[in-house]
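Below you'll find a set of structures to go through.
After this come two complexes, each holding chain A, first together with chain B and then together with chain C.
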Partner chain A sequence: MDGGKVTQGRTAGLYVGAAVLRLAIFTLLPGLPDLLTGRVEISTPVTSFKRLQEGLFLYNHNVSPYDGGVYHQAPLFLPLFSLLPSFSNLPIFTYLLYIAVDLLSASALWKIADSGEAGSAALFTSPRRDKRWSGYVIAAVFLFNPFTLATCIGRSTSVFTTCAILHAIAKAVSGAPFGALVALSFATYLSLYPLLLLPPLALLCYDRQRPERATKSAAKFTSICASVVAGVLGVLFGMSYLITDSWEFLVSTYGIQLTLSDLTPNVGLWWYFFIEMFDSFRAFFLGVFWLHLSCYVGGLTLRIRRQPLVVLTLLLGIFAIFKPYPSISDTSLFLALVPLYRHVFPLMRYTFLAASVIAYASCLGPAFYYLWIYAGSGNANFFYAVTLVWNLGLSLLVCDLMFAVLRDEWEVERPEMAGKEIRQI
Partner chain B sequence: MRQLCPALLLSLLSLCVFPPCAAASASAAADYHEQLVLRPLPLSALLASFNFRSNTTVSEFESGNFRFFPRSLGQILQHAGTRELHLRFSLGRWDAESWGSRPWDGAREGGTGVELWAWLDADTDQEADHKWLTLTNALSGLFCASLNFIDGTRTTRPVMSFEPEGDHPNTSAHSMQLLYGVLPHEVVCTENLTPFLKLLPCKGKAGIATLLDGHKLFDASFQSMAIDIRPVCPPGGECVLQIEQTIDMVLDIDRSKRPRDNPIPRSLGGHELLCDTSKPYHSHDTCFPADQDANQDWSLSQIFGKSMKGTCPLADPTVPPVCLQVPESRAVYTIDGAVEIKSRDSRCFQISPESDLELLLPPPGDEAQDGAAADILPPGTPPLYAERSFTGYGQERGGVQTILRNPSPDTEVEFVYMESLPWFMRIYLHTMEARIAGHPAPSPDNHPLIQQVYYRPALDRARGTQLEVRMRIPPAATVFLTYDFEKSILRYTEYPPDANRGFDVAAAVITILDPQRNGSGRFAAYTIRTTSLLCSLPTPDFSMPYNVIIFTSTAVALAFGGMFNIMVRRFVAADEGSEGGLGALRGKLLGRLGAVAGRFKGNQ
Partner chain C sequence: MSLPQPPGDDGAAKSPGPAAGAETVAASSGPQAKKQPPPEKPSDVRRRSRIILSFWLIVLCLGLPIWWQTTSIYRADLPLHEMLEWADGKACRPVFPLRINIQADSLQDQEAQNLLRLTQHALDDLNDFSGHHLRLQLSPPPGHPPESSDRESALTIRLVPGDTATASLDPHEPVLDITYPPNAIPTATSSSSSLATYVAGQLRSTFAEEQATISYLLSTSSMPSESRPLGLSPESAESLAKRATRSLKYAPTYHLTFSLFTSGPLPSSWDIGAAIADYMKPVLTVLSPIHNFTIDTQVQLYATPGVPNEVLNKEDLSSFVNAAEWPLSPSIGGAPTINFVVFVGNQTIAGERAESEHANTGESAAHSWLIPQWGTIYLLPLPDGTAHLSSAALKQPLLTFTSHLLSLLGAPRSGSLPLRLSTLGRIRSADLLLRASSTLGSLARLALALPSISIPSSVADGVSTTMLHLRRACETLGGAEGLAHARVAEAEAERAFFEKSMVGQLYFPDEHKIAVYLPLLGPVAVPLVMGLINELRAWRRRRRERRERGRGKKME
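Presenting the complex of A and B:
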C-alpha cells in the first residue's frame, strides 16, 4: 500500500473516480441527499444545507436572515450560492460545487502528504519516516471515506471549512505563510473554531519559511501572523457588513457557537449537557467548556513543539470531540490526517479498540436516534449514550496517536528502546 | 347638583338596590342594550348568541365618569393608553361543514384559548411594549386568566390581518400600535366567566345574563366570549366609547337536556330510536340512526337549566331581550305576558321587567316532516372553508398543511392567512407552497395564489414566528398551503410539567377581505379561526440532570486526563526508574513512619 509510482493518469483517475462516484449518488439516488441533509450526525445548526437554503431564500427576498433563529452561517455563503443557478431548478451546479470542494481538499491533502512533513519536520526527523503512504493513498482514503462521502452528499457547509483548513496546512508546509494564514482566516470566518489552530499553524509556517525570505525573529513573525489574520478577518467582516448592512451576523453566526442557544442533537457532548444543565450554572459551564476546548492549544503546542503538524492533527481530533456543534465532517477531517502518521502506527496500542468503538457508535447512533425520535421506544438517553461512546472512542484514538508520536520522539534519544516495553512516570 | 346626580346614580347603580331609580336613568340614557339570539342548527345543535353593548361618551370617560362602562376595565384602559381592545376566550370548534357560516361573520370569535389584540397609544416600540405589559398584567388579574404569560415570544404585530374597528381621528392614527397576543394553552373556564359577568350593569342578576351558567357554557360544543372596546363617532354626534360583550355558544340539545343529577347518557329503547327509513336495509329489527334535526324540541329551562329572570332594568326597553331564529311555521309557546314581534326569519319576545321568560318549542308536527328541514332555518354558506393539520411523523420535523376551499361557484375569494407560531417551531419559508388540488404543479404563473407574504422569523427564546400571506383563491377551488418546520429541543427547564402532551400552536387567523371595500367601509368581510394544533417536541430525560452532568464530565475528564497524562509524564523503560503504584506508596509510607519513629527515639 505504498502507492508505487504515481502517474498523471492515476491522479486523474482518482479524482475522476471520486467525482463520478459522488455524481452517481446525487443523480441515481435523488432522495439520499435530502435524507442525509436531515441527519443530525451530518448537519448541525451551523452547517445545515437546509438552513442555508432558508437563509438564501430570505436573503433573496430582502429579509435579513440573521434576524431569525434558523440561519447561523457566514454571510459570504449568501452571495456565493445566489450566484449559482437556483438549487430547486438546477441542483447539478450545487452538486458540482460540493464535488469540486472535496477534490480541492483532497489535492491539498496530497500536497501535505507528499511534503513528508509528518515524518520529517524542520526540527525533528523520525527514525521511522521511510514507512509512509503516498499522497495518492492518503487522498484516496480521504475521498472514499464514508464520513467524507456522507458529508459531501449531505451538502454540509463544513466542507468549505475543511477545505480551508487543509489548504492552510498545505500552504504552510510548502513555505507560503501568507497563503496559509489567509486560508486559516477563511476557515475562522466560516466556523470560528479554526482560530485556535493559529499558534501551531504559525509555528509550522515559521519552521517552513523559505530561506531566502525568512523572518528570523519569532516575535516579529508572530506579530506578522496575528496582523495578517486580523487583517483578513477584518476585510471578511467588512464585506459581510456590506452584504447584510448590519452587524447582526456576528451574534447570529458566532454567538450561537459561544452560547449554544440551539440545542439540536449532534454527535458532540455539549447538547445534552446543556439541555440538562441548571439555568444558574449554564453560563459558568459554557465558560468551562470553551476554556477546556482552548486549553489543549497551548499545552500541545509547547509539548510537541518540534512537530507542529502533529499538533494540528491532534487539535483537529480534539475539536471533532469537544467543539460546540461537531459532526462527522470534523471526524472525517481528523481521519484524513491520521494516515499521514503511518510510520507511528506500529507504536499505537489501542487501534483495534478505537476502530471498533467508532464503528460500533456509527452503526448504533442512527438506530438509537430512530428509537428516540421516531419509534418512541427509547428516550434521549439512548442517543446520548451512543454519543458518549463515540467521543470516548475518538478520544482514545487521539490519545493513542499522541502517545505514539511522543514515543517516536523519545526513541530518537533512546534508540535502544525501540520495540521494548515502556512505561510513563 | 348636575354634577352630583350622576355620581350618586352611579353609586346606586353599582349597588343595584333601587331598580326603579336605575330604570329611570337607563331610559333617559338608553345607552345599554342586551339581546339573546337563539338559532337552532342542524344536527340538534343550538346557537345562543348573547350580546351586551353599552356606550359612554369619550369626554365623560376621560373625566372618570364611567356610567355603564365597567370602571375596573375603564381604569385599566386609561392607565395603559389603550385606544381599542379586543379580548377573546374560546373553547371548542365551529363546525362550518354542518353549522354553516359563523355568528357575527366570525368577527366576535377567537381561537382556542385566549386571544388579545389592542391598539395602544405609543410613539415608539419600547413604549408600546411597556404599555402592552401593563395591559396584559392588569387584564390577567381582572379576568383570572394567564394573560400575563403573553410575553415577547407570544406577541406579534400583525401587518395585514387587522384594522381598527372603531373611528379614530386621523391625528392619532399614526401613533397607534397594534399588538396581538395569543395563549392557545389557556383553558377557559368558570373563573373567566364570573369576571366577565361582573362587567355587566346587571351583573348576571337580571335579564338574559341570568341564563349564563358555567356548567352549561363550558359544556357547549363551541363557545366564545368576546369583549370589544372601540370608540365610535356617529356622524354629527359626540364620540362614544363602546364596550360590546358577546358570548356565542353552540349547545348540543340532547346533551343539555340530560338531567344534571343523572348526566350519564343511556341507550334508548327500541321504540324511541329515530331511524332513517330511506336505507334499503331498514326493517323492524335494523335501524340506521337518523340525523337529529327532526327532533328539536326544547325549552329555555331545559337548555340553560333555568328560565330567564326578568329583564335588566337598565337595558334599552325597546330592544326585545330574546329573539328566536326559526321558520315562521314553527310553533313556539311562551308564558303569558310575553309579546311576540315577528320580523323576517326572526321572532323576538318582549316581556315585562319583573316576569320570568320561558320558551318552549314542541316537537315539529308531521306536516313539518314532509317539507325537508322546515323546522330550522337552512345554514348559510361561509365564503371559505379552512382546515389546518400537521403532516409528517416523528419528533424531529414536520409540516403544516392548510386546506382552503372556496365553495362559491363564481366568485374568487381574497384573504389574509396569519399564523403566529411559537419560536420552537422553526419554519422553513422556502418550502412554503400553495397548489390547487388536482393540479400537479404549483400554482400557474398567470394566476398566482399567493399575492403577498409578510414574514418575521422567530428568534430563539425572544420572539415567535409571524407569517401573513395574502392569497386569492379562484371560484370552486381547493387550495393546499403547505410548509415544513423543524422541532427544536428545549432546555429541560423550559418544558411544562406535562411535556409529553405537546405544545399548543395557536389557531391561524383567516381574514377574508371585503371586495366592495371603499374608503371607510368594512375591512374584513368574514373571519375564520382554524383549530389549534398540538405539536410534540422531542423531550430529554427529565429525571437525570445530575447523571448527565456526571457522565459528560466523566467523558471529558477521561479524555483530558488521558492526554494530560501522556503529555506530562516521562517515558522510561519498563524496568527503569522508581517504582510506581501501590508499592511506591507503601515504600513512601514506611519510610515516613521510619523517620518519625527515628525522631521519636532520638528525642528520648
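Presenting the complex of A and C:
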C-alpha cells in the first residue's frame, strides 16, 4: 500500500471510479437515495436533504424558508440549489453536484497527504514518518468508505462542511493562510461548530507560512486570523440577510444548534439527555454540553502544540462524538484523516477493538432503530444504547490515536524507551 | 511526582477519556523497577500547568457565569405584607350598607321623618352585626326624578294606611308593602312607636337570612375574630354549612345541560328551546351580572336508571343517575356543568314530600329532587304514546329547575325573587372578596415558605391587578360595581396562584439539585479538581526546593 507511482491516469481512474460508482447507485437503485435521506444516522435536522427541499420550495414561492420550523440550514444553500434545474425533474444535476463535492474533498485530502504534514510538522518530525500511505490511497479510502458513500447518496448537506474543512486544512498545509481561513469561515457559516477549529488551524497556518511573506509576531498573526474569519463571516451573513430579508436565519440555523430545540434522534449523545432533562435545568445543561465540546480545544492545542494537524484530527473525532447533531458524515470526515497517521498505527493498541465496536454499532443501530420506530417491540433506550456503543468505539479510536501520537513524540525525547511497555503515573 | 513502577504493567489503558489521555505519557517510568525516571523538563512542567489552566479558565470564565445565569430563579417582588393583610382581613372590613327607601305618600313629611328616625333607632338596637347596615331614607315624592342613589336601594317600603299592621313582599319588585292602623303614626315627641318597632322587625326578618349567610362566610374565612359577628347559633350555622355544601363553587360561567331520558321509545322530541325561553330565561337574564350561562340539550331513548325499582326510596335517589350509561359529561369547555334531567318513566318517589327538601310546592315535591353540586332530576309521568313534549308540559319541570338552580347557586331560600337575587349578588361579592383575599394570602405564604420557587412577572402583575380590584370592590361593596370588581379580583388571584411555570418548580427542593448535577458534573469534576490539587502541590514543592537550594548556596 505504498501507493507506488501515481500517474495522471491512476488519479483520473480513481476519481472516475468513485464518480461512476456513485452515479450507478443513484441511477440503478432509485429507491436508495430517498431511503438513506430518511435515515436518522445520515440526516440530522440541520443537514437533511428533505428539509432542504422544503426550504427550497418555500424560498421559490417567496415565503421565508424558515416559516414552519422545518428548515434549519444556511440561507446560501437556497440560491445554490435554485440555480440547479429542479430536483424533481432533473435530479441528475443534484447528484452531479454532490459527486463533485465529494471529489473536491478527496482532492483536498490528497493534497494534505502528499504534503507529509502528518509525519513531519514544522516543529516536530516523527522518526517513523517514512512509513506512510500516499495521497492516492488516502483519497481512495475516503472515497470508498461506506460512511462517505452513504452520506453522499443520502445527499446530506454536511458534505459541504466536510469539503470546506478539508480545503481549509489543505490550504493551511500548503502555506496559504488566507485561503484556509476563508474556507474555515465557510465551514463555520454552514454548520457553526468548525469555528472551534480556528485555534489549531491558525497554528497550522502560522507554522506553515511561506518564508518570504511570513508574519513573525504571534499576536499580530492571531489578530489577522480573527479579523479575516470575522470579516468573511460578516460578508456571508450580510449576503444571507439580503437573500432572506431578515435576521431570522440566525435563530433558525445557529439558534437551533445552540438550543437543541429539535430533538429528533441521531447518533449523538445529546437528544436522549435533553428529552429526559427537567425544563428548569435545560439551559444550564445546554451550556455544560457546549462548554464540554469546546474545552478540548485549548488543552489539546497546548499539549500537541508541535503537531497542529493532529489536534485538528482529534478535535474532528471529538466533535463527531459530542456535537449536538452528529451524523455518520462527521465520522467519515474523522476517518478520512486517520489514515494520515499510518506511521503511528503500530503504536495503537485497540485498533481491533475500536474497529469491531464501530462495525457492531453500525449494524445494530439501524436494527434497533427499526425495532423502536417501526416494529414497536423496542423503545428509545434500545437505539440510545447503540449510539452509546458507537460513540464508545469512536472515543476509543480518538484516545488510541492520541496515545500513539504522544508516544511517538515521547520516544523522540527518550529514544532508549522505544518499543517498551510504559504506564502513566 | 514519579514513582518506580513494576515492569509490564499496562496502566495507560486506564485512561478514562480524551481529556485524561492528553496527559497519558506526560511522565513515564522506566522498565526497570528500581530505576528512577529522569526529572521532568521545565518546559513540560510549564506546559502541563498551562493545560490545567486552560480547562480551569473555561470552567471559571464561562462555566460559572452560565451556571449563575441559567439556574438563578427569577422572583418578582410581591407585596407580601399587603397580601397577608388582605388575607387577615385587615385591609378591608366588608361592610354592606343597604339603603332602604320608605315610601309613605300618605304621611306628612314631618311624620315620615319622625317615623324614619324611630325605625332607624329600633333597627340599630336590633342589629348585632356591624358588617350589615340597613340605612333608611325617605324616597322622593312621586313626580320627582329618581336620584342616582335611588337605584341602589335594596328595598322599598311602601307604607299604606290600613286596618291592622300587615307586611307582604311584592313578588315582582323589591318592595315590602306594610299597612298600618291609623293610630300607629308616632307623634313628634314620642320616643318609641309600635309601628317603628314593627317595621324594624319586618326588615330584620327579611334580611335575617342574608345576614346569617354573610356572617357565616366571614366566620369560615380567615378573618380575625373581632370583625366576626356574634350570635350565630349552632343550628343556623349548621344549616348554612349544609347549604354551602349543596351549592356549587363559584364560577363565572356555568354550563346548563338539559337532558330528556325516556325509559321507552317515546317521547322522542321536546320543545325545550321554547320552554327555556319562556320559563327560565328571565331568571338567567337577571343572574347575568353574576354568572354567564351556556346551555345544551339532549334526548336519550331507552335510558335505564341506576335503580330499577318502581317506587324509589330515599336511599335510591342518590343512585338513580346511571352514571355509566347516561351521557352526562362532568364539564364541557372548562365551565362546571349543572345537569337538569327530565326522566319519563313510571317511577314514583315513596313517602310523598318527606323526601324533598326543597320543594316550594307540594306537587313538585313528589317528582323531583336536587343532587347537591350536580343538578336536579325531575320524574315526569306521561300517558303512554306521548310522542312530543310541548312547552306547556315542560312548565312545571322548568320552574322546579329554576328554583333549584337558585339553590345550587347559593341564593337564600326565603324572600321574594327580586330580593333573593339581589341578596345572591351581595353574598357572591362577599364570597369572591374573601376567596380572592385568601388566595392572595396563600400565595404570599407559599412565596415565603418556598424560597426556591420562581415567581414570574406575570404573577406579580396578577397580584397587583387583584389588589387594585379588591380595593375597588371593598369600596363599592353591595352594589353591582362591587360585584364586577370582586369577580375580576377573584379570577386574577386564581390565575396568579395557578401559574404553570410556578407549579412545575413547586416540588423541587434544593437537595434534588444534587441528584441533577452530580451524575454528569461529578465525574467531570474529579480529573479537573485532582489535576489542580496535584499541580498546586508540585508547585509548592518546587518552591520549597528552590528555597532550600538558595539557602544551601548561601551556606557555602
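Note that in this section the second predicted complex is superposed on the first by the 425 of 425 C-alpha atoms of A that agree within 3 Å, B and C clash if a C-alpha of one lies under 4 Å from a C-alpha of the other, contacts with A are read in each partner's own complex, and residues count from 1 in each chain.
Here, a residue touches a chain if its C-beta (ideal position, glycine included) is under 8 Å from a C-beta of that chain, and two chains touch if they have at least 3 such contacts.
Note that the structure is predicted; figures quoted are calculated from it, not measured.
Looking at the shared chain after the overlay, A:Trp410 reaches both chain B and chain C.
Once the two complexes are overlaid on the shared chain, A:Thr264 sits against chain B while remaining clear of chain C. Of the two partner chains, neither chain B nor chain C is touched by A:Ala359. By the touch criterion stated above, A:Gly287 is placed in contact with chain C alone, chain B being left untouched. The wider contact with chain A, measured as residues touched, comes from B rather than the other of chain B and chain C. Legend: residue contacts after superposition of the two complexes on their common chain; A:Ala380 is shown touching chain B, with no touch to chain C. In the superposition on chain A, contact of A:Val70 is made with chain B only, not with chain C. Contacts of A:Ser395 after superposition: both chain B and chain C are touched. When the two complexes are overlaid on their common chain A, residue A:Leu300 makes contact with chain B and with chain C alike. Of the two partner chains, neither chain B nor chain C is touched by A:Leu123.
On chain A, the surface touched by chain B in one complex and the surface touched by chain C in the other have residues 278-279, 292, 296, 299-300, 303, 318, 395, 398-399, 402-403, 406-407, 410, 414, 417, 420-425 in common. Residues of chain B touching chain A in their complex: 393-397, 423, 426, 428-430, 453, 455-461, 488-493, 538-541, 544-545, 548-549, 551-552, 555-556, 558-560, 562-574, 577-578, 580.
The touching residues of chain A, when paired with chain C in their complex, are 278-281, 283-288, 291-292, 294-296, 298-300, 302-303, 305, 314, 318, 349, 395, 398-399, 402-403, 406-407, 410, 414, 417, 420-425. Residues of chain A that touch chain B in their complex: 38, 40, 50, 53-54, 56-58, 61, 63, 65, 67-70, 261-265, 269, 271-279, 282, 292, 296, 299-300, 303, 318, 321-322, 372-374, 376, 379-381, 384, 388, 391-392, 395-396, 398-399, 402-403, 406-407, 410, 414, 417, 420-425.
Across the complex, chain C meets chain A through its residues 1-3, 5, 7-15, 17-19, 21-31, 38, 47, 50-51, 54-55, 57-59, 62-63, 66-67, 69-71, 454, 504-505, 508, 516, 520-521, 524.
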